[in-house]
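Here the chain labels run A, B and C in written order, and each chain numbers its own residues starting at 1.
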Amino acid sequence: MTTVAATAQAAHAHHDDRSFIQKYIFSTDHKIIGIQFLFLSLFFLMVGGLLAMQIRWQLAYPGKPMPLGNLLPETMAPGGVLLPEYYLQLVTMHGTFMVFFAIMLLLVGVYANFLIPLKIGAHDMAFPRINMASFWSAFASGIVMLMSLFVPEGSSRAGWTMYVPLSARHDYSGAEFGQEMWSISIILFGLSSILGSLNYITTVINNRAAGMTWFRMPLSVWALFITAILGLLAVPVLAGAAIMLLFEQILGTHFFDPAYGGQPILWQHLFWFFGHPEVYILILPAMGMVSELIANGSRKPIFGYHSMVFAIAGIAFLGWIVWGHHMFVSGMNPTLGSTFMVSTLLIAVPSAIKVFNWMGTMWRGNLRFHVPMLHGVAFVAMFTIGGLSGIFMAATPVDMFIHDTYFIVAHLHYVLFGGSLFAIFGGIVFWYPKMFGRMMNETWGKIHFWLTFIFYNGTFFPMHIIGMAGHMRRLYDPTIYDFLKPMQPMNEFISICAFLLYGSQIIFFVNFWWSMFKGKKASQNPWNDNGLEWTTPSPAPHGNWDTLPTVYRGPYEFSAPGASEDYLPQNRKLPTDRDPVLSPAAGH
Amino acid sequence: MHWWLPPQGSTFAPDIDYMFTAILVITGITFVGVELGLLWFIFAYRERPGRKAFYTHGSTKAEIIWTAIPAVTMVIMGIASNGLWVKIKGRNSVPANAYPIGVHAKQFEWWFTYPGPDGKLGRTSPALVAKTTNPTGLDPDDPAGHDDLVVRNQMHVPVGRPVVAYLTAEDVIHSFYVPEFRVRQDVVPGMEIKSWFEATVPGTYELGCSQLCGLGHYKMRAVVTVHTQEDYDAWMQRTAKEKGEPTS
Amino acid sequence: MRRLSSVAAVAAGLLVLALRPAPAPRSTFAGSTVTGKVKFVGKAPANPAIDMSEEPKCKAKYTTTPHEEIVSVNKNGTLGNVFVYVKTGLPADAKYPAPATPVVIDQNGCTYHPRTFGIMVGQNLEIKNSDPLLHNIKAMGKKNRPFNISQPNAGMTTIRTFTTAEVILPVECNVHGWMHAFVGVLPHPFFATSGADGSFSITGLPAGTYTLEAWHEKYGVQSATVTVTGSDSKTADFTYTAK
């Protein structure tokens, strides 16, 4: 880091004469931006869940009026009975809100922003104003997407995957401007994501504190850094595809229209070329966070730190060459089915390495089951199921049968909910003191964890079974098919578990908001963790540190022999430690 | 409530089911191992007063073992699966004597074209599609199509011989899916895709559209009847007579 | 002098007002009636049979095989389902309020009832589903905003209106490809559809010369001219020939 930049950031830490609006609304402080993303994404998580509740109602009780359904307009649910076109809007918007506005924002928008400068020992991001722009464009994107449900004829309804020609033509879908609003929202979201990625990558490369070498970086930072690279390269493809779709919808272009020489399958290639790296964007930061939670809870170093870094890089790299596994039966050249099968099977390997290394971390540890650790271990248990179910899909002949069934729905929810969302809940509890200066209630945290764990498995595990039996996706009324009628009791069971799952989240939300004002005040390092974020007060002040810390060791020196406690922060200088040699470019 | 894969109704089904079961065994062993391992660690290594964690950064030997075993397993699985994939979907996989049936998908109906006594399907063109009078766009100038039988939402196939579906779509992407046959193929506008199978058990099955195609997607259902060859010929004669088509 | 000229001016103005012709009456109770028959010459072509075997709940509503009523030739040699309307001749500034009563289109036995009908701009179209299964109603307007909505259950009713005149706006169901309806959307009430005896009747026409157009889904359009006094009855017949 240059002398100029270092001085400027240090000056920032001393004088804080910003107005309320500059401090909390149009803030350039990465921590406030992270918290803004947190409030925005938690809102969309609840919206996405509410949509899912309606989907599950319709699947359990097809054609029956939904409780409170009479509050919905006639165009969505006359007499409280959901219409097929509204059901498809629910399915589409649930996927869209959850993937982009909940999980992506929770993992990247919140934690890349909040954690990176704190964990690498920087005052803020490399580009604080671009960071602010990234939040506000995500906010605008979310508003557009939300409003699309309320325009005449409703929102887009072609599934979150937006396959053409259905998504491109009003006469095929029945949607009107809502369809275009999806494309516009995604373009705005792409802008937000790309701006964010630029910041995260630059900050990690340039702004690490003295002594914070690459292989002393916490795994959460590695994961966020590599995720940012994935995002920088993949999201523009989505944005480009969304622009093409928007042109198709409003300008009458024919990229995807076979009557004029266009190709419907082109959309799928573009979408999934983004879409597969996207799912790794949705899991890698969670994996990084889980490493922090499990190492802390086990009071032990991460087992195989270097392998873990290479596994993250391996997953990210292989993630570029597997997209065709979403398209085995799409009509693309079957030879591609063979090649994509091989690459897809291989991507199981680095994920397996990570699971074994987390287990190795717990092995012979001194396991402390605080709420974040519960979530970290649950992640490993659930992600294993999600990852293993992926192997069935990788084998093309089997995928031919389970594609577009509930087996896929089970898989994706095991990795995104059982995986990412459990990691997110654990991360929120873990870093809450650093964000808000208070602790969340531990007892209610445990109750929330167990209820979520039980009802989540009750909701999603049976989907493997009905999927295997042939139950297709996105059906408004499965009872049209004789072979699906016997599965209705299972659909009902799943729905009841889903209602209880959603209801259980009330506990989390009450805990979250109540603790912010009434929670036990937090000490600087309430979890006895080694990361640099725990060397500054709770909540972390503007600028993070007056003097940036110097780093002497890696982030996982728990239970080190010779240390007086079972943890050893990265910046504590022991008599045997030598000061890092500073690079000449730093201007020292 | 069906707790397993659907009944097997085609020559593909035993092979696919075998592969499914093999993967279930491999992943099942891994699943049990990981979950039991986690449970054991949770109990055996829980925090107790006076205990200390074992300080280690890992084991290169362990990394090699648990990288190599999954990698080798995955490679073997890939090689083992590919043969079946090529047999079902490969470019040259359709048997030469397969009986052709035209399958035309539109929002929200399936139109099946049977080749009639000449055994050949007539040419179709999207430009010739007329709502009630010519739902599949059969070209009147092609003599092969003069004896073709066009039927709505009913697929009839003879048992024990390869059938090749010529899949076309009129508007959006649909997907041809019969669970008992284990066959699934997306139907894409602008393409004619061949999907073959051989039914093994006479009976009645259901075909469901398996790619979201609009608000009537859930109702895009056809009934599939697998006949013995004699029953099939009888059905063909009966239906041709009803529709005023040539019976021989 | 001045006072006299102002009084004269006012008197002249009042006289002009008094002598101004009264505006034409707009009441629908007054007006002329045009009736007629749509004749059909030749052998009625066979209507295509509908295969409802995969929709048993609809098939059960029929005792004989249902047909798609493209050409409805009546026993008396007339053609039903011909939409007849006033195409030109009404005053350019004439405005006709849409009735409060809706036009009902019912999906029963997987067919639209009626098949061909007229509706006024701004008048409610009440779409009913009497079948216990999914129908979608796709209105393919070119001047009116198209819509595509569904009714999955029996007893459902949806109201829609049209904002612009359009002759003819086709309506179809995609779940049942044989289902077609044809809607004439007009800004005035002077239209009718020929019935089971081939006759039609248009009432309340103000005095004037009008072009009447008859529209049939297979046999196309025909025109006739008719002049009415505003209180008389005239006849206008159409003849379609089998092709």
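Rule of thumb we're sticking to: contacts are C-beta pairs under 8 Å (C-beta built on N, C-alpha and C of every residue); 3 or more make two chains touch, one makes a residue touch a chain.
Please read these numbers as outputs of a predicted model, since none were measured by experiment.
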* **Busiest interface, counted in C-beta pairs** => A-B
* Per-chain C-alpha centres versus the global one: which chain is nearest? -> A
* Just curious, how far off is chain B from chain A if you go by their C-alpha centres, in Å? -> 33
* To do: Please report how many Å separate the Cα centroid of chain B from that of chain C, as a whole number.
  => 48
* Asked: Which whole number of Å gives the spacing of the CA centres of chain A and chain C?
  -> 56
* When you check chain B against every other chain, which residues touch at least two of them? -> 107, 214-216, 218-219, 221
* Mind pulling the chain C residues that touch 2 or more other chains? -> 134, 136, 148, 150
* Asked: By residue number and range, which residues of chain A touch two or more other chains?
  -> 83-85, 173-174, 476-477
* Structure fact -> Listed in rising order, chain A residues that touch chain B in their complex are 83-85, 88, 157-159, 163-166, 172-174, 258-259, 262-265, 298-307, 329-331, 333-335, 337-338, 341-342, 345-346, 348-349, 352-353, 355-357, 359-360, 362-369, 377, 380-381, 384-385, 388-389, 391-392, 394-398, 400-401, 403-405, 465, 468-470, 472-478, 480-483, 486-487, 489-490, 556, 558-561, 566
* To do: Going by the contact rule at the top, pick out the chain B residues touching chain C in the complex.
  => 106-109, 131-133, 135, 151-154, 214-216, 218-219, 221-223
* Structure fact -> Counting only contacts in the complex, chain B reaches chain A at residues 1-6, 12, 15-16, 19-20, 23-24, 26-27, 30-31, 34-35, 37-38, 41-42, 45-48, 51-59, 62-63, 66-67, 70-71, 74-75, 77-78, 81-82, 84-86, 88-91, 107, 126, 171-173, 175, 177, 179, 182-191, 193, 205-206, 208-219, 221
* Which positions of chain C touch chain A when the two form their complex? -> 134, 136, 138, 140, 145-150, 152-153, 156, 158
* How about chain A: which of its residues touch chain C in the complex? -> 63, 74-75, 78, 81, 83-85, 153, 170-171, 173-174, 176, 476-477
